[in-house]
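Scrolling down, you'll hit the structures one after another.
In what comes next, subunit A is part of two complexes: it sits with subunit B in the first one and with subunit C in the second one.
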Partner chain A sequence: MSLLRPLSKLPDLNAANVLLVENEEHFQQKLADVMVNEKSVIVQVRLAKSLPLPMKQEKSRPRIDLVVFIVNLMSELSLHSAEASLKHLAPGYFLGKVCFMVTNARNASVPAERMEAVRKLASALNCPLLFAEDQTPDGVTNAAERLLVILRVAAGCVPMTTALFLSNLTRCTISTEAEQQNSDYDA
Partner chain B sequence: MDRHTSVARTPVSSVVVQRRSKSHRLSYRSNVGTMSHLGYTPGFSKRRLTTSRLAPKHSRITEVNPEQLALLVREWQLSYVTPLYRFRHGQLKSYSRQLAAFMVSEQQQGVAAEVGLESALKVSFTLVAGMAQTEEEANTVFIQIHSKPPFSAPDDPQKLLWSGWLTSVGGNPDYLRSLPEDFVCLPLFCSGGTEGLTALVKAWFQQTFDCCFGPLEINSVNLQWLAALWTDCHARSSIKQLKLVWSLPAEPPLEVTYTVHPQDAWELWRSIRQPGERGGEEEEDGSVGLEEVACFIKGLKSHFYRHFRVELSAGRLTQVSTALGSAKHGGRLKISNSSYMITTLTLLTECALLKMPI
Partner chain C sequence: MAATLIPPDFDSSSSTDSSSSNRGITRSLRVAEIARRKTKAEDPIVAALKYFSKVQAGTPVQGNEELERNLVSVETVAYSKGLSPEAISVMLEFAMSLRMGTSPCARVLKFLLPSTVVPHQAVVRAVVWLCVGKLPITTQVLFIKWVLTVFDMIDAKDNLRAIYGFIFSFVTEENLCPYICHLLYLLTRKECVRLFRVRKLLELQSKLGKQPFLLHLLSLYKVFCPELVTLSLNSRIRAGFKNHHGPWKLALNAIQKRNFVQVSSDLPLALQTKEKAGLRKRKLGQMDLPVLNVVVQSQKQTSYNKMVVPLAHIQSFVQLLENLHLIELPAQMGSLLGSGLALHYLDCVQDESAFLRLNFWLGHALNEEFLFCGHGGASQGSDEVVRFLERLLSTQHFLQEGFSSVEAFLYKFLNVWDGSLLRPQILGLLSNIPVVPSSCINRLLSEPLMQLFFTSTVFFKCGLIESLNGMLAKWLTWHSVYALEDGLDVSLDSPTSMHMSRSGFMQSVVELVRFVGRLASLGLQLEGCHSLLLSFVLDFYDTVCDIFQKYGLPLVVMIPAGVFYPALFAFDPVSVDRLAQIMYRYKMNLTSAKKQEKLTGQAFHISRQTYREFNHYLVFMVNCLWNSKIFQPGDDIELSEELLLRSRVPQYWASFNLIHHPAFHCYAIDFHHKCWPERRDVDLNSIQNSKTWGWYLEYLFTQGFDGLQQFIQSSISFHPSTTDSQDHRP
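Here is the complex of A and B:
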């Protein structure tokens, strides 16, 4: 089966492996270059355009601790490709080992419906939704740092914390109309 | 609006109940939830609909009004305007005099004291009837600036330097009602002419009526709406062709012009509107949903992919044009047929209302 499974291999000592999935294959390279410089854990970054991953490298691939879907809001294709890739992940990943990262969210030509669709997707899957700025080196560094926080927890390198617990705190939430009105009155 | 304290008010939804009864750990989660909610609110006030419910759209046939023909002539640049303070429809003549005086004085600033021979301008403000949809909506105002050479006889043809119009077509009635007394809401401003004159007119409006102007772009979803609505009119008046222009992010940027034969576009649209049926009667109930529009565009894109292996979703829709009009992403609009003008302008008024910062 071509499903990617979270716990089918043995972990390495003090290592964290992350898979960056992006249709444009642009931001993932920059992020990878920054993330590999991390000192406290040995970070291995794998890059992919979409899932399923090719079978021939199945043996040499380590256990993937975190899968990050990078969605560029400027193109609809990015979102569709990410949605199509989701089907190839085993359900075990959705307990805190999947994260969505969105670029170009501030661009005025992005229709609001697309942002809404990404939010709904992230909150339906209980995953965190991060916003990143990919044009400046500072933006890339910030995004990499935030991903490393989640990655360290997902790889088990932080004591007393699991990926599921962290995702409970960081997951994307959408409030419905009724909750919005309630919180507006309470505030 | 009377405010209840959070203790006395019975929470309506079950999520709020959970917030109150669980431990402090989950209340941190509710803080995070609230913060993400605050981050999510994109500045829409409660008075306006969110775009997710933009479903029903009606295409109607209206009679041709001779004043509206002036709106068909050129390509307009769109902007949004915040509500105008103390704009009276009865004082249009005095506004035209004031605007002419303002423009003349602005043009003479910095020029040595010389009686500007070509600076005589004639401004006219007129009302265009038949565009306001409800009782509360303000009537459309059409502004024209002609140049008046000083040594000409009164019936010489005057050169039209600039024209523009302020309109509100089918604006949200709740919002219109919620405005304070002296404000008139005409959120869509269309200008045609040189940039310098447009800037002067905007400056005069800002000075006189305390309003703000801003650029209105038509984003890709609204362009898709226009494509679908115009195709929908094909049964009654032919659209001649449906032309879509996409820009794809390649090196150098690739521009794709996709021209669809009107009959094919109409067949596709009809098959989406009435799946499985061959429509005999004409539908009078013309409300169009957002899913139908998305389906229509998806059909066009997948056809393109099948033939050319180019995925149009990777790019942006920048222009839509048919025989009924053309709209570009940068906010340029041309209306070529007055029968379906109202629908187009309703969509654009709604865009302007949503883009306004208040």
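Here is the complex of A and C:
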């Protein structure tokens, strides 16, 4: 078992590499199609169903600057798979180079507990938690753009800032449903 | 009273004697049938309906092909264009009477999709069957859910209100209770609120705990009869009853859309759509359906003459004024949003029950459409939703206040928003949020917005800053309108019954300004001082710097360094000019505050620290633009002399004065050309002597830099004879 390490390889000039991990392998392709069109930096998108990544391509694989876990809230498996994959990341990634992207959050049939579990997971790891609309083209484009914002910072292409700094601003903080309920009562 | 409203054959009906109870319906069906037969041959639906109205109790279901065939033919019609009122009556009667047992019952209920209206008689009869008590509980729940779904399409609700007591009796049924409460909420009028009902609900509450559905119903009761409900209920219970996603909603939407397109000519019994089109209130498209008010009203006029005037009958403002005390609100509160007169009424009457019901309706609609949509958001961003939200926005602008249900919805929605879905509308609604207590700002607004702000593109950043600017301006306006004028810790009073001390309000404002300050500083840093973003940020500080003079709130919050310096060193002269304007306004505010302090002897809350900060900025700005003295020790921007010398910039101390500043450089060159057209080599330093310096300033002022002009004239006493200048400190 090998850990994926953030700084084990040298970066390429003006290049940013992102790894999209999604158990269902459905949304990641759509995202990748949009993301590779980015002009300001050379974006390479790697797709994976889960971690760890296969050993045999280890040599040819570039340095991964950002790992995105795509969680479909409609399926329990999607969350479990992401949770299991997390173990294969070196701790250095959690200094701003991991983020979660959640789809179907507004769906009526999503149990509140699962949503809660994702929030807890993201806030425990100090990672940003993004929500995406995967059904509409606009939603996909927007999600890709937001990932690019984070990716550019994580790859060091934005002067005056670092991944850790950005993740400090964007990380998920826990706000439980119970608290919200209270606030609505006492507000 | 109830007896007169219920169809005459009500008394004779019983669970077994179904054929006689059907007489009225079959008769009307026959008439309709004859009419139809003239034009075309009998189609399967007519035959099927005939079958269902006549089928005997106890007919076997198993292996009954005729039943199956008829069911299928009705089902296909239902899903393609909806069922006519007659068909609804027949099928509902068939299902609820359990003539063929319980198994077809649920199936029939599931495809009961009305094309136009649901006849109230049918619903009343179905409730009668419910009272008989033979239905299994799941079917009962299904039926009530169905009634809730088609509630807006029931043609007259008065007859349902007449059996309010019967419906109320189901409250004790534990599984039915939430749905019944919802139905009662929709039906309740003042006269329905009785002490024994309140007692019953309170009893239930002690048994079931504080259930939201009970609280909602009780809060409505309290609005109608505050003397009966002594319970202290918070006005902001978490929005809405739970959405009961029955199987109908989607299919119903589809049918309505389809029927709306093809003007229903092939449905002989359908309500004429002409009637709808003429109705003033019908503006919201699919999302709410206050279309059927006409039917309700015609019914009302004939059935009984009460001294009330339905709002929909009011045609002009004069009529509204004459009948102001007699107005009856429509059952569909959403229809108020579309009508200007209704909004005038709401605005001037300040009827709490109207606001409560409108809020309830809004909260329900918003939750259903955006937060918990059943279909994964396929219809998102469609024209209807956009139109609805825009209507909501214009209503809020009209009433000059936000709705609490919209606010609650936004707080939830921001937590799952992707930042692009319906962005203009959501940002618009966001700017209408009423004052948030400072203790909650962080959790309700800052956290979700920070995350969205920093992970989104620069355009979203601009939009959000603009929206927050709107929010601040509205809060300040609200305060200046409603604040009472005696003393400092006076409570603000507004129609939304929101009370807040002035100090609490100021804290909220400070919190909001600080929050935006953080967003702006860091956003500018991340975006490399993007000039578009800078422009929106300066818009915000245009509002902030004038809080004292324009809105009368003794508060001055300084612009943060993260905005001040990027604006001062910006490449575009517009930003520098606007910064100068903002500094000028700050100065005006601070000096007038000082003056007032001296005049009244009253201590203001503007601290020394604020003055010190302002002076610090002012000195820096004057030194930088005017005195050519930058990088002084003690400045915020300090570079060691050694480093500066090594950079080999000639006269580095002058590199940001009005001549060499990157924003004004081209103006200086242009001025130079105009002054000395014959000179070949440009020597900008020649502008620096006192006479030409004065001309240069004149030249800059004619280029439209009003902010700069005001700033220089107010802060620098400039005599063309000397270049020496001084700055005033307030």
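Quick notes on this one:
Everything below uses one rule, namely that the second predicted complex is superposed on the first by the 173 of 187 C-alpha atoms of A that agree within 3 Å, B and C clash if a C-alpha of one lies under 4 Å from a C-alpha of the other, contacts with A are read in each partner's own complex, and residues count from 1 in each chain.
In this text, contacts are C-beta pairs under 8 Å (C-beta built on N, C-alpha and C of every residue); 3 or more make two chains touch, one makes a residue touch a chain.
All values derive from a computational prediction rather than experimental measurement.
In the superposition on chain A, contact of A:169 is made with both subunit B and subunit C.
In the superposed model, A:156 makes contact with neither subunit B nor subunit C.
For subunit A, the partner that touches more of its residues is C, with subunit B and subunit C as the two candidates. Within the superposed three-chain model, A:143 lies in touch with subunit C and out of touch with subunit B [touch as defined at top].
By the touch criterion defined above, A:77 reaches subunit B but does not reach subunit C.
By the touch criterion defined above, A:132 reaches subunit C but does not reach subunit B.
When the two structures are aligned on the shared chain, A:107 is found in touch with subunit C, with no touch to subunit B. Residues 108-109, 169-170, 172-173, 175, 179-181, 183-186 of subunit A are contacted both by subunit B in one complex and by subunit C in the other. Remark: subunit A residues 23, 74-78, 80, 108-113, 116, 119, 168-170, 172-176, 178-186 touch subunit B in the complex.
Put simply, subunit B touches subunit A in their complex at residues 3-4, 6, 9, 11-13, 15-16, 28-29, 32-34, 36-37, 40-42, 46, 51-52, 217, 219-222, 249, 290, 311, 313-316, 329.
Residues 104-109, 128-133, 135-136, 138-139, 141-143, 145-146, 149-150, 153, 158-161, 166, 169-173, 175, 179-181, 183-187 of subunit A are the ones touching subunit C in the complex.
Of all residues in subunit C, those touching subunit A in their complex are 234, 236-239, 243, 245, 370-374, 376-378, 380-381, 408, 411-412, 415-421, 436-437, 440, 443-444, 447, 450-451, 454-457, 522, 525-526, 528.
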